[in-house]
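For clarity, chains are labelled A, B, C and D in written order, and residue numbers in each chain start from 1.
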Amino acid sequence: MIRFDSDYIEGCIPEILNALNNTNDEQTVGYGEDEHCAKAKALIKKAIANKDSEVYFLCGGTQANVTIISSILKAHQGAICADSGHINTHESGAIEACGYKCLTIPSSDGKIYANEIEKMINDHFDSEVAPHMVQPGIIYISFPTENGTIYSKKELTNISKVARKYNIPLFIDGARLGYGLASPHNDLTIKDLAKLCDVFYIGGTKVGALFGEAVVITNKAYQKDFKYHIKQHGGMLAKGRLLGIQFEELFKNDKYMEISKHCIDMATYLSKGFKAKGYKFKYEAETNQLFPIISKKKIAELKKNFSFQYWESYDENSDVVRFVTSFMTKKENIDSLINAL
Amino acid sequence: MIRFDSDYIEGCIPEILNALNNTNDEQTVGYGEDEHCAKAKALIKKAIANKDSEVYFLCGGTQANVTIISSILKAHQGAICADSGHINTHESGAIEACGYKCLTIPSSDGKIYANEIEKMINDHFDSEVAPHMVQPGIIYISFPTENGTIYSKKELTNISKVARKYNIPLFIDGARLGYGLASPHNDLTIKDLAKLCDVFYIGGTKVGALFGEAVVITNKAYQKDFKYHIKQHGGMLAKGRLLGIQFEELFKNDKYMEISKHCIDMATYLSKGFKAKGYKFKYEAETNQLFPIISKKKIAELKKNFSFQYWESYDENSDVVRFVTSFMTKKENIDSLINAL
Amino acid sequence: MIRFDSDYIEGCIPEILNALNNTNDEQTVGYGEDEHCAKAKALIKKAIANKDSEVYFLCGGTQANVTIISSILKAHQGAICADSGHINTHESGAIEACGYKCLTIPSSDGKIYANEIEKMINDHFDSEVAPHMVQPGIIYISFPTENGTIYSKKELTNISKVARKYNIPLFIDGARLGYGLASPHNDLTIKDLAKLCDVFYIGGTKVGALFGEAVVITNKAYQKDFKYHIKQHGGMLAKGRLLGIQFEELFKNDKYMEISKHCIDMATYLSKGFKAKGYKFKYEAETNQLFPIISKKKIAELKKNFSFQYWESYDENSDVVRFVTSFMTKKENIDSLINAL
Amino acid sequence: MIRFDSDYIEGCIPEILNALNNTNDEQTVGYGEDEHCAKAKALIKKAIANKDSEVYFLCGGTQANVTIISSILKAHQGAICADSGHINTHESGAIEACGYKCLTIPSSDGKIYANEIEKMINDHFDSEVAPHMVQPGIIYISFPTENGTIYSKKELTNISKVARKYNIPLFIDGARLGYGLASPHNDLTIKDLAKLCDVFYIGGTKVGALFGEAVVITNKAYQKDFKYHIKQHGGMLAKGRLLGIQFEELFKNDKYMEISKHCIDMATYLSKGFKAKGYKFKYEAETNQLFPIISKKKIAELKKNFSFQYWESYDENSDVVRFVTSFMTKKENIDSLINAL
């Protein structure tokens, strides 16, 4: 079985395993106050060219989303997001379990737009009904989105302007950040992105690490007391250095972008393979998630040797499915798949 | 600097690093549905001799506590615990953040007793005031406790009887379970413990793993839907196999008890060293946490070469401090410490 | 200014004021354990012909919704509802603040239908994604809806069948229950409604009382410990008798239906007035809430002497507005309004 | 049966019933935006001589406590209070249900003191453990306390100084405020009290109203968005004027203090009766709650004609019980009781 169901089906880059081996006997303080975390933070701050930011390491995406949103919102506020946003669909109600409503904007491509966000803010702050409706307190977007699409620099700038106009922080879920940045369709640098938002995170779990996400809070107003929220949400790893060690390796020698580029190259190669065989995509194939439309018969046949994910029904005879490449995807496996198409 | 501040200052047993290396290229399904998790679960079920139990892997202790308690309690219920219990003191309000009150019993040694628990249950269910008071919905104890003490088989059996009499589940926090079981003062087997409670967890983070706790739900009534709660609390690791791989190694060839015994041997050796030099302990030195009473002057001197934790004030001239050994503690480091005493 | 903005702009039926006067010096126990509450509960049980049900009195609608939903759901569950449902729109996130997600179905008339509900249940329980998605734990509908529409007996029966097929309780928000039951379009009795759901409430605030809602739990499975939740949500009035006294008056001599009928007669009279003048309605004018489409110019003119609510934009020149009649609406006021149209 | 079990066993002052009668046909806007609420707020602001304060009306004490605390705290913060504080004992976990921990200080008389509060703040903010412990975010005290005792001006001033030193708001639960202010042992005016705290409430339910509490936020920093929290906690009464009408009557012509004084006079008269018969009190008899120690035999005898509350066991033969007078207590009923002693 060759797997294309996700980007978390393999382990990590070999540099991380080496580093874990080399540091295993070291004695360090716990809870992320160690030297490895310090070094990793410095590398990330350098990469985003923002000295005022603070970097924190958490274990996974749901945890990062919940911790960030809980640390910023007050009890009467909610998070503006696409209805397809991860926090609204696949986190088992984690945001609501902390007391916060997802204020959803319908989206067909995974993205939400500045004018839609501004309209929602105005509707909710309208004086007549205001205290009866949840107050927008944060804007959540994913880069890339759950549908593999990415925001252009212009689109993100427009959202950022709305966020700042209404003094509502902008949070970018970067669980697959590297794959967005490495996309040939992308015109944003990580520095641009850091400047345009108030908080974002750099996904490690899906981009080279065993596990872990680096949360970057660029807006100083939201740094205070953030560690309390990490602890409260179970994200303060006793052996916090494990996360420092991993991000040290990822951000040494531009490794993060190097492996992201490999993944995107593989996705592009696969995407071309699909197109060459006449397949169409449901969503624009911009990053490492591809959503081809395939006949049910062909799907059944492919399933014998390849794993991939059902996404949604297309028509009577066809479904949309998801193929995902990763930082470890081998070209030969894609060749096998293309041959089978 | 030689560190005795905690049992999470080093990495993991070498077998785990080897296993991570050997499995790194494997492609597996995510979220803990892989073969490694399946094998680790089987090994644990065999160790506790309980086929009806279910095993789940989580990332850390606070996360395990919150996930278990949230999955069992309803909104009007709370958790009976010692006032010194970890959930009541050092989890940054994680239990309350999920909506649940800690119903605390004052404790001087970290333990709570069957008669105290029964009294609290009766007081709270008293018909006149009942709906005005939080209903006890779970009993939380730690084995070993936060003060390094352990429950005897008789004490635990008595608590278990109360729990079953009132149909309130008993939950044992085993963040340091191995060190309790390996204690020369202990008369409980892991099978006894599994039988006497409804849910417990086997600490990995502090006992040989990089990170991870194995939650064992022995009472079938509480297994349903538990995975939803893992996901909601950010505990469903995308690369879930990381936890399976670690617990496979820990439960192969009785490794878990072997390394626990080493840790306890080191603690006993250190404890004898303290006693030989005339030091007294604040709490019974039963496991790998030692709480000697040391003059402030001596503490300042020791701090130059050794790290350990301030616990509480003893008198004008002395404090209680905490020294902790781990599965990796070296005898030579203890010798250095004893010489310095 | 003649007010048509809502059905809570006046006081209560005179019988209630008399009863409050007559009982003011009585000494009774608190928290709803008094004789007046007992009598009112008996009257309601008789009206719905269901001896196994339990009746509880709460202060208002948001409180009733939150208390019922919190008492039934577990932390990983959510409430299926129309996207226009009151709990999803105008309760300032009260449901989410208790930790629960609103699982919304898009609705154009305020109603949701059995097939839509069944589809959502199946989608969410689908084994592949299940623990990543909130589990449907209760079905919430309003009778009448927020758009003034009502469910037919057939529609409600179909929803009830789905609820029972999947063992998910059906909860009917009856903040305006009387006005639904008194509608000439209605083919349900209060007994039918009680039989088809698991819990509902009888609105008092908008139907004759000063304040108060009577929650009826017909399914015995959900009665246990409900009082804890009332207390927790601030609904256990110290002078609980105030609610008993009011519902005693409302359910003596069929007063509740008598005043509801008056309100509906007034709405019908007004509705005919609108139609006679050539106005169209956005939603079916089935109960006491009317949603005519009126030109902005005319709205501005009417606003000088009448109060009513902006609902939504219709087109460039017209808006949908809401006119509401109540149990105290005077025919002469409607005549003034019709003249002004 | 003559009742002394609480101060909420009767209705309200006759002026309120008259006002409800006189205003019943008025049409007003809902949700507390009406003229009656405006007038009542003005009367209260005048009584406390603080123009910058904002006044809000809620339905009951638990609701007021939860709404205030939720509106001020962030998710990682908790409320410092006496272990006997109402929020910690008899609100069915309402504070925790909103996500907040009660940080309790042991109290033998219902009061907590400035030095204890300061010590708790310092312990929790200690840099080593800080993010692992709940951050103190509000100080909650009751005036009078749950044991009928009151703070002196000096004691309250000292607490206020600690609160301001650490920038933690001070909240005074005044469910029985009038009875504290009218106590002969009291040296505080309502103006003093308003100045020394950041938020307090004036109890109506137990002091002359049918129901309702007037929340006064004197610190402008905590006024913003408070209405959202009222709505979220079910406290925004549709017919909000009901609360305005009641507080208008209570604060016209100093009625609130007049009826409070009557209640205290009755309590003093009863207290003297107890003492004359040789009874002792468990807590200082400072307000309208008396806690005499009575033999079990005598209690059984008294129970035939009088209702009062069991408080706690005193010794083998005696219990502490609670007798409460109210704004409506009749002298003749106290005479009957004294005769029976």
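Going forward, contacts are C-beta pairs under 8 Å (C-beta built on N, C-alpha and C of every residue); 3 or more make two chains touch, one makes a residue touch a chain.
What you are looking at is a predicted structure, and each value in this text was computed from that prediction instead of being measured.
When chain centres are set by their Cα atoms, the one at the greatest distance from chain C is B. For the touching copies chain C and chain D, the fraction of interface residue numbers used by both exceeds half; the interface is of the same-residue type. Chain B and chain C have Cα centroids lying 49 Å from one another. The mean-CA centres of chain A and chain B are about 33 angstrom from one another, to the nearest whole unit.
Annotation for chain B: residues 70, 75-76, 91-93, 97-99, 131-132, 228-229, 231-232, 236 touch two or more other chains. Of all the residues in chain D, the ones that touch chain B in their complex are 75-78, 89-93, 96-102, 128-129, 131-134, 310. By the touch criterion stated above, chain D contacts chain A in their complex at residues 70-71, 74-76, 98-99, 130-132, 135, 225, 227-232, 236.
Those residues of chain C that touch chain D in the shared complex are 1-3, 5-6, 8-12, 14, 17, 20-21, 23-30, 59-63, 66, 70, 91-94, 97-98, 205-206, 210-211, 228-229, 231-239, 242, 307, 328.
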